[in-house]
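You will see subunit A twice below: alongside subunit B first, and alongside subunit C after that.
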Partner chain A sequence: MSRLAIRHVSCRYGPVVALEEITLDVPSGQCLVLLGPSGCGKSTLLRCIAGLEQPSSGAIELDGRPLAGVPPAERDVAMVFQDYALYPHLTVAENLGFGAKARGTPPAELAERVAACARRLQLEPLLERRPAELSGGQRQRVAVGRALARRPKLFLFDEPLSNLDARLRSALRAELRALLRELAVTSVYVTHDQVEAMTLGDRISVLRAGRLEQAGTPAEIYGEPATRFVASFLGTPPMNLLDGRIENSQFEASGAALVLAAPGRPAGPASVGVRAEHLRLAAEGPLRGRVVLVERLGHEALVHVELAARPGRAGERAVWIARAPADCAAVEGEAAALAVDDGAWKFFVGRSDE
Partner chain B sequence: MSSFLRMIAALLLLGPFAVAAWLAVTAPDGAITSVNIQKALQQGGLLRALATSAAVAAAVALLQVTALAPVAWWLARSPGRMAAGLRIALWAAILLPMEAAFVPLFEITAKLGLYNSLFGVVLPQAAAAFQVFFLESAFRAVPRSLLEAAHLDGLGEAEIFRQIAVPLARPALASAAVLGFLGAYGSFLWPLVVLRDADLHTVPVALAQLTGQFSADLRALAAGALLAVIPSTILYLLAQSSVRAGIGQGAVKG
Partner chain C sequence: MERSRGGLGRFAFVGPTLVLLIAFNLFPLLYNVVLSFTNAELVGDGWKWIGGRNYERVFTDARFGAAVRRTAWFVFCAVGLELGIGFATALALQAFTRVRAVLVTALLIPMMLSPAVMGLFWNLILNGNHGITNQTLDALSLPQPQWLTDREWKLFSVILIDVWMWTPFLMLISMAGLAAIPKTLYEAAEVDRASRWTVFRRVTLPLVAPYLGLAVLLRFTDALKQFDLVMATQGPNDTSTQTLSTLLYQVTFRDGKVGLGSAYACVILVLVIALATVFTRYLETIQRRTA
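Now for the complex of A and B:
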């Protein structure tokens, strides 16, 4: 069992800031997911933890031991790469045992570990094959197994499922989740896939442009997004948002006819948002508009409503999405009103691009 | 059209070979004979020369691959100024034909006491700058994530070279060895300059001895040339199977 601490880590390449003042903790046995769009710095942070990149400043500690200056080989961390990074000239069995062997594990124990790993990951029939003879899912299982057989203090996953097709991804995601829970290994998992983040993470840290936007449990990140970015990044569909201004404790949207009371909030640019599941099609509601699209998904329907524009601002167009029962009566082209559940409004202070 | 061009290319390549083969096995009156081959073997001491050439070429190839591969690996892994400097020096060495450096090379070889020795033939030919670049590009093709995985698995730079880079670059190393062998096997001028004793002569030098100042026994020469291609042909056929492509498949996402 081991814990990871990241303290004020920044990483700059000339004028480019890849990471800025990141502070995070991963308690022993937990899985931290680093979530964010491409180029947000999540992989850079993972590589800093692995020792493949050096932070410009800040400290990373594993079990209280500072890792600065410790070469990757001596950090006792294992990494699963997006592109698998299996040794093509070695068999599956040799790949599984490679890291443990390089660290001088006695042959008898090595064989035992490889066998256990193969059993756990259902790789036993494949042990004598080479990576080129495996499917994508099998390769990724070998890559995970190679990390497992090492028994490191810390597991790092760099978008391990993103090269797989959707069906395989969800199967492997479930497998990985079971594995992480069962072994209770401390791990850091990088992904841009919010479903992976929600299902695998004990905690999620959302990164954007090298900065930490929000850290919390999956439920906190989804239910109480701290910023407009987190709100728009998480959720399928993402949170419905309207930009506007707060003046005199009153929010006025710029793109739709909506005025909301915003007691105690500072004046200035702001946004409001509501998750799709907190919107209901109703006869009356604060939001009026026209149904432009009904996506019937079988178990539910997603109703896209174009909100009526603010008088005199006809150019702007906001479409909100409401979750509705599969058999809802919404018809494309007809007028509709949206009611909002109590307490579902989220306010985000600041300009929309901040 | 393309098959027509290919036929012409094949004729151009095989034509001289066919003529030599015909000359080698016929007497002036057109009768089939083995006299020319016997003459080449006896007069030119060709058997010994064949063995010498094969040994020299094998030594050059082996030295090139074993000594230059670590240099190429270092170049592929080092972005620094020293690597840039070495690269410039290597390019200069490629631009300068070996013949242009014969005088200083000869002096160095003589000072090392290697004049009239096979080592004297091997050493300068083993220092082939081109091979460094050839191998460097092969090492650069090894996926970065594999090297990083090996680092994290606990391997040092030397072990990564030995356990990961060399096995993955094996097709390129084999190609480099074949190229080095063929180059050294066919080289004429440097062995002619360095070797004095006839019993040390390599094949091209021995063949040259078959021609007199004013006359040449073309049929014996053709027979000698025909015999000379046997070792390199065998090597090529053997190497073909070891120069396998695709060993890198499956390492990273396909």
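Now for the complex of A and C:
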């Protein structure tokens, strides 16, 4: 059981700022997911934790021990790489045992650990094969197993499932979740896949352009996004958003005919958002428009509604998506109104590109 | 109609090459086999069948056994040194990320020069009396061996020149092999607490081995045919540096015994093919392991 603390970590490459003032905590036995689009710095942060990169400033502590200047080998962390990083000339068994063997584990214990690991990950029939003879999913299992056999203080995952197809990804995601829960080992998991983040993380930290946008439990991040970026990044479909301005405690959308009371909020550019599940097709509602697309997914339907523009303002129209029952009567091309559940409006202060 | 035109079209593309191959490769090869069973000579016409007597002479000729041993020794030393120095240089060059391109270009120069020209250059460099090597040794008051005329040193000198010429080739292939190893493997090993020696022995070496093997195979078959350097520095008759190729040259073109020379050529060909096959098999198993 070990806990990880990241304090004011920044990472700069010349003029490029990869990470800025990141502070995070991972309590013992928990899984922290670093979520963000490519280039947001999440992998850099993971590599800083592993010791493969050096932060320009700030401190990283594992169990209260500062890791600055400690080489990767001495950190007692195990890492699972995106491209698996399996040794192509070694068999699965040798790959599994590589780390433990390099640390001088006695042969008997090594064999026992490899066997246990293979059992746990259903790799037993594959032990004598080489990576080239394995499927993507099997390779990923070996990569996880290699980290497992090390029995490190901290697990690091660098987008481990992103090279797999969707079906396999969801199967391995479930497996990985069960494994992390069972072992209750402290881990940091980097991904750009929000579903992985939601299912695997005890806590999620959303990064954008090297900055921490929001940290919280998956429910918090999804339900109460702190910024417009987090709102637009999480959820399938993402949160419906409208940009506009707040003047005199009143929000006025620029792209659609919508005026909302915004008591106590500062004047200036702002956005509002509503999750698709909080929108209902109704006879009357604050949002009016025209149904442009109905995606019937079997268990539900996603109704795309192009919102009516502000009177006298044409131009780009916003399209909002509402979740509806599978048998909903929406017809493409017809007028529709959207009702919003109580308390579902989220306000985001600031310009949309901030 | 379509078919026959397709056939003609195909022949139009392949035909010229095929004709040239038959004329300049296949026919000489078969003709050589035929000649090896005759007493044909370079001058004078008419030859007659003498059966396997040429082969008998090849295998009883003391020069042949000596040339085989000498060639084997030459190949072993030259290719071994080239591999060792070339690979070590490639490893060392990994540290120079900025000036690497310049260094590599400079180091490749020997490889780009003609071996015959190289032989003549080294003739001057190693000349016992006025060569720069011995002048330097003289200035340092060190012993000055007769590099090109002393029996003890002659073969060594040829090996030295070959190593100087071909080490860059091994270096180049080693560099390609090293560059092909994914960076994450090193990172994974680093996180896995493997020592530098372990990483080298268990990651770098096995993954670079197929490349080294291929380079050695190419150099090996080439060194077996060693001809130009020996010719340029010693000529074909010198008994202490005679390789299989120069022996063949001497028998065929100096002694004028075409029939016997053809028999030599056949034996050498079989020898090279056999060795190359064994080597290729070995290389394939290495490659399968790292695929």
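Simple rule for what comes next: the second predicted complex is superposed on the first by the 354 of 354 C-alpha atoms of A that agree within 3 Å, B and C clash if a C-alpha of one lies under 4 Å from a C-alpha of the other, contacts with A are read in each partner's own complex, and residues count from 1 in each chain.
Methods note: a contact is a pair of C-beta atoms (placed from the backbone, for glycine too) under 8 Å apart; a residue touches a chain by one contact, two chains touch by 3 or more.
Only a predicted model underlies this, so the values are computations on that prediction, with no experimental measurement involved.
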item: Clash or fit, subunit B versus subunit C on superposed subunit A; value: clash
item: In the superposition, subunit B vs subunit C on subunit A residues touched; value: B
item: Subunit B versus subunit C as contact partner of A:50, first or second or both or neither; value: both
item: First (subunit B), second (subunit C), both or neither touched by A:150; value: both
item: First, second, both or neither for A:328, with subunit B first and subunit C second; value: neither
item: Which of subunit B and subunit C A:130 touches, first, second, both or neither; value: both
item: First, second, both or neither for A:72, with subunit B first and subunit C second; value: both
item: First, second, both or neither for A:81, with subunit B first and subunit C second; value: both
item: Which superposed partner A:139 touches (first subunit B, second subunit C, both, neither); value: first
item: Subunit B versus subunit C as contact partner of A:103, first or second or both or neither; value: both
item: Overlap of the subunit B and subunit C footprints on subunit A, listed as residue numbers; value: 50-52, 71-75, 77-79, 81-83, 85, 87-89, 98-99, 102-103, 130, 132, 146, 150
item: Subunit C residues within the subunit A interface of the complex; value: 182, 184-185, 187-195, 198, 202-203, 206-207, 289-291
item: Subunit B partner contacts - residues on subunit A that touch it in the complex; value: 50-52, 71-75, 77-79, 81-89, 98-99, 102-103, 130-134, 136, 139, 146, 150, 163
item: Subunit A-touching residues of subunit B, taken from the complex the two chains share; value: 143, 145-146, 148-156, 159, 164, 167-168, 170, 246-254
item: Residues of subunit A defined as touching subunit C within the complex; value: 50-52, 71-75, 77-79, 81-83, 85, 87-90, 98-99, 102-103, 130, 132, 146, 150
